[in-house]
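My questions will all concern the structure given below.
Labels run A, B and C following the written order; every chain starts at residue 1.
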Amino acid sequence: MTGSPARRGIAVEQAVVYGLLTALGLGALVMALGFGFFLEDSRVGPGLVPGVVGGLILLIAGWELLATLRGHRTSHDSGLAEVVAAATPDTTADTTGHTTPGGASAESGAREGGSADAATMSPDDGPVDLPGDGGGPGLDDVDIFGRTPKERGRQLVAVFAALVVACLLVPLLGFLGSFFVLSLFISAVVERRRWVPSLIVSFLAVAAVYGVFVGFLGVPLPTGLIGIGG
Amino acid sequence: MLDNLVLGFSTALSLENLLWCFVGVLVGTVIGVLPGLGSTTGVAVLLPLTLSLEPVTGLIMLAGIYYGSQYGGTITSVLISTPGEASSVVTTLDGYQMARQGRAGAALAISAIGSFVAAIISLGLLVALAPPFAAFALDFGPPEMLAVMILGLATIISFAGDNRMLGLLMALVGLLIATVGVDPGSGTSRFTFGSIYLLGGIPFVEVMIGLFAVGEVLFQIRQGAAAPIKAKFRELMISREDLRRSRGPILRGSFLGFLFGILPGAGSTLASFMAYGIEKRVNKRGKEFGTGAIEGVAAPEAANNAAANANFVPTLTLGIPGGATTAVLLGAFMINGIQPGPLLFEEQPTLVWGLLASFFIGNVILLVLNLPLAPVFAQILRVPYGYMYPMILLTSVVGAYSISNGMYSVWVVLIFGIIGYFMKRLDLPMAPLVLGLVLGPLFEKALVQTSAIGDGNLLIVFTRPLALVVMAIAILQLAAPSIMARLLRRRATTRSRRSDSADSTPEGSTRG
Amino acid sequence: MKRSRSAVLATTSVLALTLAACGGESGDSSGGGGGGFEPRGDVTMIVPFGAGGGSDLAGRATATMIEAANGDVGVNVENREGGSGAVGYSAFLGEAGNAETLLATETALLALPISGEVEFDYTDFTPIMKLADDFTLMIVNADSPYQTCTDVVEAAKTERIVAGISGITGLDNIVFTLTEQETGVEFDRVPFESGGELTAALLGGQIDIASLNPGEIIGQLEAGEVKALCAYSEERYSDYEELADIETAKEQGIDVAFAQFRGVLAPGGIDDAAREFWIETMEAAVETDEYQQYIEDNYLQANTAAGDDFVTYLEGNNELLQQVLEG
């Protein structure tokens, strides 16, 4: 038994990240061996720094990976995280051991449920999911627009996907064209604002960018096949 | 020397030069605010515009852009955690936290004041002692620079937060990223996988925009919209207590920044990191660093400004650029047909002293402009994040594009945006990664050069007195942190206990 | 994808929307009539390095002299830095057929293909004009016991001489290697990254010798902080009073001369009319005062070569470079 589903999600992400870093360190070390650590006269060669750095990454990330897999986090809980935890009511409940599932965001379903059986957490399994900024809602909370974490997760994916698509559209629509579309998409679709203000704001933003970057600084932004801006 | 200063001020105070100085500072601030457009790009992009001006006027304007953008970079670091300059990365640590607590105005004001004080101190040193400092800087050959880089890497301890292992891990990742591209010694290409874009390495500014600006936006989206930060106007103003607390950090930061700034190549980024790291050790509130301590803004801001000015020591006295931006400024000298070098002071007194005097004036303008504007800028935080983040994304992407005039930069930003998001989500510290990334190439270059000079023997570092001193400081910081920290803490706790009781009385006015 | 985008980017960067809409094809259609070629709208001059460097200075100066020589042509300089020039040249490769784009070229054109990391070599482009030669001087600290390059070579037979270089493909490494091949001695190398760093290392006594462009070191030279032992050039710098006394390496018995060239390239695959137009324009450009100014400010030798002569020069230079860098 570990913490809440959200927290377990974090632990999985942690394991994945440390796993990737371990692989990165190993890869760097192996490739660096190919570059050669030393040149003639035992001079520093091209492989020395990446090799040593890669080896150290391998060791540390591997160690952290093992710790995460075993459910032990090393001294990760103290200072800031606790301060934030204390300041955020819902997550305080988490750490003080409420065992009723649900809590503040019960309506969002058990999968993304707010608090959990924190009592079963090992004492050093700190509130790792708490970022160091005060004021914002916790990971498991509904935000001021009433969005559940699940919705926010979808939003995140939507925004990033839109960014990628916008970049891919640059050759077609031009730089300003595709980022106008991006801005419109984020305002009107992701943030669900009305279309007219979204249009106006997006247009003004792109116009400002055009004025500063193209007009004043003379940056040759690609115009695309349709030839917008530039 | 007095004659020279009089000559300088009479040049700089001419109506035309004043005007262009003002324009430069203003434009510089705007450029600094835009992500991706740092002082180097700003000066380079606007260099052609200044060609129609008199050489001295053009250079005054370019210099204005230089230090104006240093300050502009701070504004976005504090408000939206998006450093416009590498040297303002450290400012995000405490500056952004202050903003989240509604104290953005104070953070911005203290950076304006800290920058101003640092500028004046370092200019004084520059005017009075440039030649001896330049000679001192020349003594820093590769072995000494290697020692400096080791010292710089040792400061990671200060940035690692509560988990030193993770801090070290991130620093190593930064170092590894820095090794991509052509190796400084043998010209071997490493980790390029046949891509020409990777030959020149992974571009630092793009990484920064990705990690900080895009990463923060993505993180905030996932985190959910918080209520806009509403602070009373009065709270946005800097208090007398803030000023008192910042006095020491600003002074220490200024001198430290100047020292690092005169070393060619070390630059203002290292200076700001070192100032923060050392301040964290020395200051009795060191424990609060990272949670919005004003000292954590004051020290690095003072340091990066002092370093920016100190960069002019080798630039003006030796004709050797101290950093990337001064290299471009040297290019501006050349385009104007002025030959930088040791004879510059003799051959072009009007130009050199006019330029130096304009630094004073420009920094005054900067202070006058930004002190009252700090609370105004802070109002940006009242804009709901949902409106703001599309703008941040837009300017990040355009700014990235304008660095290299290519989409490659934009893709780098997106990739590191994702990485930044996960780092924030998993609470992995970013500052060590940036430090590793900045110091990586410098460290490796010094290592390769030292081994070449020592003919394969790196131990020559211990045969050079200056390098030995620097190494000793580095080793002390690494090997004896617990001893040092314990000593410092014991002294600090007794002191802070005393001053905490003093602090708790409102504004100190009741203590008569 | 990338190609078509950058082609469009370059041709239309400053144009009005209407023109831009069909800009992609302008390169193919413009000179197609077989008659005269006239660039449509502004021309882009790609500089494959960052702003403020030597390549950038050259690119901007070339733009100015083209505009001075032909009032109908406007030139916009565009820095495409990255990969020691590889990014800029590769982008230029994608401009094939587009005669409204030029590139400010230098030795990287030859050195990059030899290093084997890029997909182009000089035959993929249309050489228009070689503008100038930038040779190097062997420089030592003013306190150095050596008076000539021969002294240095003699000393290298018995003791360790530490030479600072600005990279494996740097001009300085090339002339040192040529000197070694010529005389049979060996210098120890310490890699640096720029002329400025080398100057600092010389002044600080970290290295014994360096090989620097006159423009990079003239300030120190005039101040008497360093001295020049010989010039690795075909002829003395007789046009420059302050450099005229420096003997060439050949005069001192070391048969080595090697220059970094500055020049202008057009993309590959352009038609003859466009090539002729640019060669004529550049021939007029090197007659301008702007050209003279550029040469003098940067202490260059005004050795020009147009069109086919430039190609011949590149062939010879390429062979020499291959010998040095691969051998």
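Going forward, a residue touches a chain if its C-beta (ideal position, glycine included) is under 8 Å from a C-beta of that chain, and two chains touch if they have at least 3 such contacts.
Everything numeric here is computed off the predicted structure, so don't read it as measured data.
Among the chains, the centre nearest to the mean of all shown protein C-alpha atoms is found for B. Of all chain pairs, the one joined by the greatest number of contacting C-beta pairs is A-B. Distance between chain centres (mean CA atoms), chain A to chain B: 25 Å. Note: centroid distance chain B to chain C, computed from Cα atoms, is 33 Å.
Centre-to-centre spacing of chain A and chain C amounts to 44 Å, using the average Cα coordinate of each chain.
Touching of two or more other chains is recorded for residues 170, 218, 220, 222 of chain A. In chain C, 2, 5-6, 78 are the positions where the chain touches two or more neighbouring chains simultaneously. Residue positions of chain B with contacts to 2 or more other chains are 45, 185-186, 405, 407, 448, 452, 455. Contact residues of chain A toward chain C in the complex are 170-171, 218, 220, 222-228, 230.
Chain contact summary for the complex, chain C toward chain A: residues 1-2, 4-6, 8-10, 12-15, 17-18, 20-21, 23-24, 44, 76, 78. Across the complex, chain B is touched by residues 2, 5-6, 50-53, 56-57, 60, 77-84, 86-87, 90-91, 115, 117-119, 160, 162, 167-169, 188-194, 196-197, 199-201, 203-207, 215, 218-220, 222-223, 225, 293, 297-298 of chain C. Across the complex, chain B meets chain A through its residues 30, 34, 37, 45-46, 96-97, 100-101, 161-163, 165-166, 168-169, 172-173, 175-176, 179, 183, 185-186, 188, 190-191, 214, 217-227, 229, 287, 290-291, 386-387, 389-391, 393-395, 397-398, 401-402, 405, 407, 410-411, 414, 417-418, 421-422, 424-428, 440, 443-444, 447-448, 451-452, 455-458. On the chain A side of its complex with chain B, the touching residues are 10, 13-14, 17, 21, 24-25, 28, 31-32, 35, 38-39, 41-50, 53-54, 56-57, 60-61, 63-64, 74-81, 83, 128-137, 139, 141-145, 147, 149, 152-153, 155-156, 159-160, 163-164, 166-167, 170, 175, 179, 182-183, 186-187, 191, 193, 201-202, 205-206, 209, 212-213, 217-222.
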